[in-house]
Every structure is written in structure tokens, then in C-alpha cells.
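Order as written gives the chain letters A, B and C; numbering starts at 1 within each chain.
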Amino acid sequence: MAQLVLDVAGISKRYGDVEVLRDVSFQVGKGETVCVLGPSGSGKSTLLRCINWLERPDAGQIYLNGAQVGITGGGLVMGDRDLSRIRTRIGMVFQHFALWPHLTVLQNLMEAPVQVQKRDKAEVRDEALALLAKVGLSEKRDSFPAKLSGGQKQRVGIARALAMRPDLLLFDEPTSALDPELVGEVLVVMRDLARDGMTMVIVTHEMGFAREAATRVLFLDHGRAVETGSPERFFSNPETERARQFLQRYAGDAAGGRR
Amino acid sequence: MIHDFGIVWSERALLLSGFANTAILSALSAVVALLLGCILTPALMSKHQAVSGAARVFVDGMRCVPFLLLAYIVYYGLPSLGIRFDNWTSGLAALIIYNAAYMAEILRGAWVVQPREPIEAGVAFGFSEIKLFRRIILPPLLLSAGPVLGNQMIQIVKDSAFLTIIAIPELTHAASSIQSRHYVPFAAFITAVFLYWGLCLVIEAGVSSVGRVAEARR
Amino acid sequence: MSGGDIAAIFQGAIVTVTLSLIGILIGLPIGLGLALLRWANVPVLARIVALYVSVSRATPLVTLLLLLFFALPNIGVPVSPTSAAVLALVMNTSAFNCEVWRSALANFPKDQYEAAQSVGMRAGLRFRRIVLPQIVRVSLPGLVNEMSMLIKATPALAVVGVVDITRAAVRIGAQTYKPLPPFLVAIALYVPIVFVLVSLQRWIERRQLAAKVAA
């Protein structure tokens, strides 16, 4: 494996009586695209949200480029300051976009680099414009999010995350809130990022995308990492019965004309 | 301090009669204002420009005038036109006229966001205009506007305190009397404040039970 | 009614507007502060704020003002009618503003906040750059409504001797034995002031609705 970017070691999380994640471990190397698959309720989103500590794991460790996330060197839970510093290195793309409605598209991209990273405004602006060109939304730079389609919003969401020059990008079901005809334009952008060697962890139900763009697949079921491996092997010859059932259901859906 | 509250306690009859007057004034004017509001609302929504325009001027006018000024006009102003009421009648009339406008506006606000279909179904079933309003439009309005109507009732209770200025012996007036007689301002007025609070809590509890009914019928 | 009388009512209008403005300007941030205490669920303080708001919303301004004006000197705090008036207005309006701010905060979308966290914004920055601009927009109609409510409650200030529009009109009515003309002048002063606020509120609501429909 290439240089290790993310190391998730034995993460567990419970809400009351429900165990959402049970001892999940996996690693992501630089330039990898890992797709996290699994039935709904299997804990995929929670796993993703634990990586940048939007949810606090009950047990286990997370390391980004060798530095532990959420716990200080002294073994204490990180405060707002330390956590925020680490989060600048981890970009996140949200299911419902979460664009800031009071800022224009360009301002959405520039907000954090200028306010958090304190980078030079002119330089950030140039970079943001280049990112907008990359996701094909140059002409929308002065629009407000409310004026965009879902697909456009999500492309802005991706560009906003990229504007921070993160080491790792997390996607939380980036296409599941979109109308079917808008899914493609977002997947194109994500595929390009994978090709360019961006390190990504993607929670998704888009099996076609996972098969084609992922370097590795992680299959979650009832909060456990049941299976991990190359997409070729996972999709053609899954090791576990659970994964087989899961894939069959998707194949059935696809045959039935549904996504 | 405890001694002060002892004095207030010894004047409890006065305070309670003030409280009762506040409660009666508020309840009576709330009921009548709501009834008048129910009549005023269809006027606001009327297709006849003259009717809706006149209703609009009245409602907006009341919404732009402080209650106390209206009470003064009824009590001190009208006699110069030869119309003379005692302070009770003036106060009650002012509370009713003023709040009828607010009630009407609240019901209108609830009306415009009502789904159209049940109303159209009523038309299709041949209800006359008055019957349509009374039996089809109004009941869901009252339920959905419940919380806002409740707020307005609290506003009526608070407006009624202004009537101390035209010497109606309501709660604030009673507290003022106790304070001037014994010089126990804190004990007298804080007791009044808590009695007002209690009255509003009762209104809020009433509103939330109406809310439960509304929820069950959604 | 002489020209001097009308001038006196205008004087009263200046008092009404000035005191209202002071009350609004101080009451807005205090209301926000109280709402934040409740939102952050600060132990004990959040409870106290909830109680304070509940009682204040039920307390008539007249009663509150009488309480402050007579009871404060009793515990050794001398107050002029004007300072008692400002204090009462601020206490009254901050409780209402608190409720407006609080409901905006309570309905603030969680993922907006998380998006700010995910790019490494710290608490202060998140609030200032992401939360505040959005809740101001949501709260605006409610806050403007509260401003017009405040102005309509200001005649209460007369009970401690502040000479506002209403008090000036009453005084002239008593002197001339013709109370109706000064009251009509008073109405002519209140209506435009409050109407501007009511129209502003409607305009904001319509604009926000249009923006929502367009989206």
C-alpha cells in the first residue's frame, strides 16, 4: 500500500442500546478511493462521521497521517481548537449538500480557506475559480445556492471541500438526495477526482460507480466490517453470504428498472 | 421583606377581587373579540372591494394604534361627541374592539394557508356562503390558529392592565392601592406579576389541550 | 388646541421614539444572549432564563414599570422615571426577542453547523459567520413585529410620569377640556410609526416567501 493517510482502528459506537459500529478497522492509502457499501442502517454514515469526529466514537482510534484524531497526546479528548485544526485536513461532502445559503457559490468556496486557514484572499479566489471551472460551474459563481439544481449544489459542495486542499475527502451518500437524472453529473466529478489521485472515502449506494472507480470496497453489515477487497473480486465473487444477498438485491432492483 | 408579604396577605381580599376583575375582563373580551373576529374575517376575505377594503382599514388601523390611546378615546374622547360610558363599559368596549381586529387578522392568516380542497368540496356539496364559512371553513381555522389565538389572549390580559389608568379596579390597580396604602411596592407588585403569570399559564395549558385536539384531527 | 399644543405632542413623539429605539437596541442583543444561554443549555442559567422569559411574557408593562419605579428605590437604587422606563422596556422586549431568537436557533439545520465544523471552523467563527447571518434572516419578521408591539406598549411609561405622545395628548385634553383633538393628533403620529414597522414586516415575509418559492 502507498503512504498511509487514514488508519481506523477498532471503532465502536452505540446509541443507547443500539450498537451502530462494532470494532471496525480499515486503512486508506494515499490516492485510494474506498467505497463503503452496505444495507441502510448498517452504520456507514456513522463510520464516516466518526472519522472527522462529528460523532465521537465510544472506542477505537483514528489516525490521519499518523496523528490521532480526537484524542490529544496526553490522552484527553480534544477541545474545539485541536479538533478544528485536524478537520481542516479532512474535507466532507454532505448528503443534503449543506451549502451555506447566505453566501454565493464563490463565497461558499472561499469562506473557510480565508477565515479558517487565513490564506491570501486573492490566491484563494483564483483557486476557487479554478475549482468551479473543474466542476463545470464557472458561470454560477455569483449565484446563491437556492438558485441551483441538486446536482449543481453537490458539485459546489465538492468544490467547497476541495478548496481547503484536504488530505482526505469524505463523501456521505453524495447522490442519494438527487433526482436520478442529476446523479450522473456528480459521479463524473467524483470519477475525475479518483483519477487525479485524491484520497477519498465514499459512502454510497451507486454500485456501478463503486465497481468502476473504487480502488477498494468496504462492506459493512450490522455495524461490522464484514468484507474488504478489490471491487472486481467483491462484485464478481463476494466471500460472505451477507454480501452475496446484498448484491443480489441490488441486481434485482437494477433488473426491475430501479436504481 | 417577609413582613411586607404579610401586609399583602392581609389585603388579599382586595388583591383577589382585582385578580377576579382582570380575569373577567380578559375572558369576556376574549370571547366577544373572537366572535367579532369570526364575523370580520370573511369581510377581510370578501370579493367585494368595498367590504374587504373597509375591513382592512379597520384592522390595520387598530394594529397601528396603542391600546391605551383607544381606551382614552372611548373614555375621555367620546363624551365630547355626546357619547358617555362609565370606566367599566369604556374599558371593556375598548378591549373588545381592539382585539377583534387582531383576532380577525390571525384567522385570516390561518385561512390563506388552509388547503383549498375541503372548501371546494363544501361548495360542490351546495353549502350556502354563510353555512360554508360557519361549518366548513371556520372550525379548522380555530383549531389551527389555536396557539396564536392563545398568544392574543395573553396579550388581552396584559392590555387589561392599562385600564388601571382609567381607574378600573383590576389587578394592577389593586396592587397600586396596596402599595400606596402600606408602602410595600416590591411585595405588592411582584405578587401581581405572579398572579398574571398564573393566569397566562392557565391560558397556555388551555391552548395546548386545544392543540392536542387539533393534532388528533389532522 | 394651539400650535404650541401640537408642538408639545411632537415633543412627546420624540420621547416615544427615542425610548423605544433605546429599548430595541439594548433589548436585541440581550435577547440573543439569553437565547444562546438556553440553546447551549447552560446548566442552571438556562433554567433561570426560561423562567424569566415565561414570567416576563405574562407581565404587563404597566405592572413591571410600577414594580421597578417604586421597588428599586426601596432597596437603595434610586431611579428616575426615564431610567425605570428604559429598564422596563429592555426587560420586556428582551424576553420576547429571546423567544424569537430561540426558535430560530432551535430550527437551525444541523448539517449547516456540521458543514462549518467539517471545514475546521471553531465555535466563535461558526456562530459569527454561519449561524448568525442565517438566524438574523429567519428572526427578522418576528423581531420587527416585537418592535411594533414595543411601541404600542410605550404609553404605559406615562404611569411614572414620562411625557410621551399619549401623556402629552391627555395633558392638553385636560387643559383645554377638548380631549378629542389632541387624541386625533396622537393617532396621526402613532399610525405612521407603527405602520412603517408593520409594512416592513409584511415586506420581509413576502420577500422571503418569494425567495423560497423560487428555490
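Please note the rule applied: a residue touches a chain if its C-beta (ideal position, glycine included) is under 8 Å from a C-beta of that chain, and two chains touch if they have at least 3 such contacts.
Source: prediction; values computed, not measured.
When every chain is represented by the mean of its C-alpha atoms, the one lying closest to the mean of all protein C-alpha atoms is C. Ranked by C-beta contact pairs, the top pair of chains is B-C. When you average the Cα atoms of each chain and compare centres, the chain farthest from chain B turns out to be A. A separation of 55 Å divides the Cα centre of chain A from that of chain B.
If each chain is reduced to the centroid of its CA atoms, chain B and chain C end up 21 Å from each other.
Here the spacing of chain A and chain C, counted between their Cα centres, is 45 Å. Shared interface positions of chain C, i.e. residues touching 2 or more other chains, are not present.
Residue ranges of chain A in contact with chain C, taken from their complex: 52, 54, 80-81, 84-92, 94-96, 98-102, 111-112, 115-117, 146-147, 160-161, 164.
Chain B contributes residues 60-61, 63-69, 72-73, 76-77, 80-81, 154, 157-162, 164-165, 171-172, 175-176, 179, 185-186, 189-190, 192-194, 196-197, 199-201 to its touches with chain C in the complex.
Residues 54-55, 57-64, 66-67, 70-71, 74-75, 148, 151-156, 158-159, 166, 169-170, 173, 178-180, 183, 186-187, 190-191, 194-195, 198 of chain C are the ones that touch chain B when the two sit in their complex. Contact residues of chain C toward chain A in the complex are 109, 111-112, 114-123, 125, 129-130, 133-134, 137, 211-212, 214-215.
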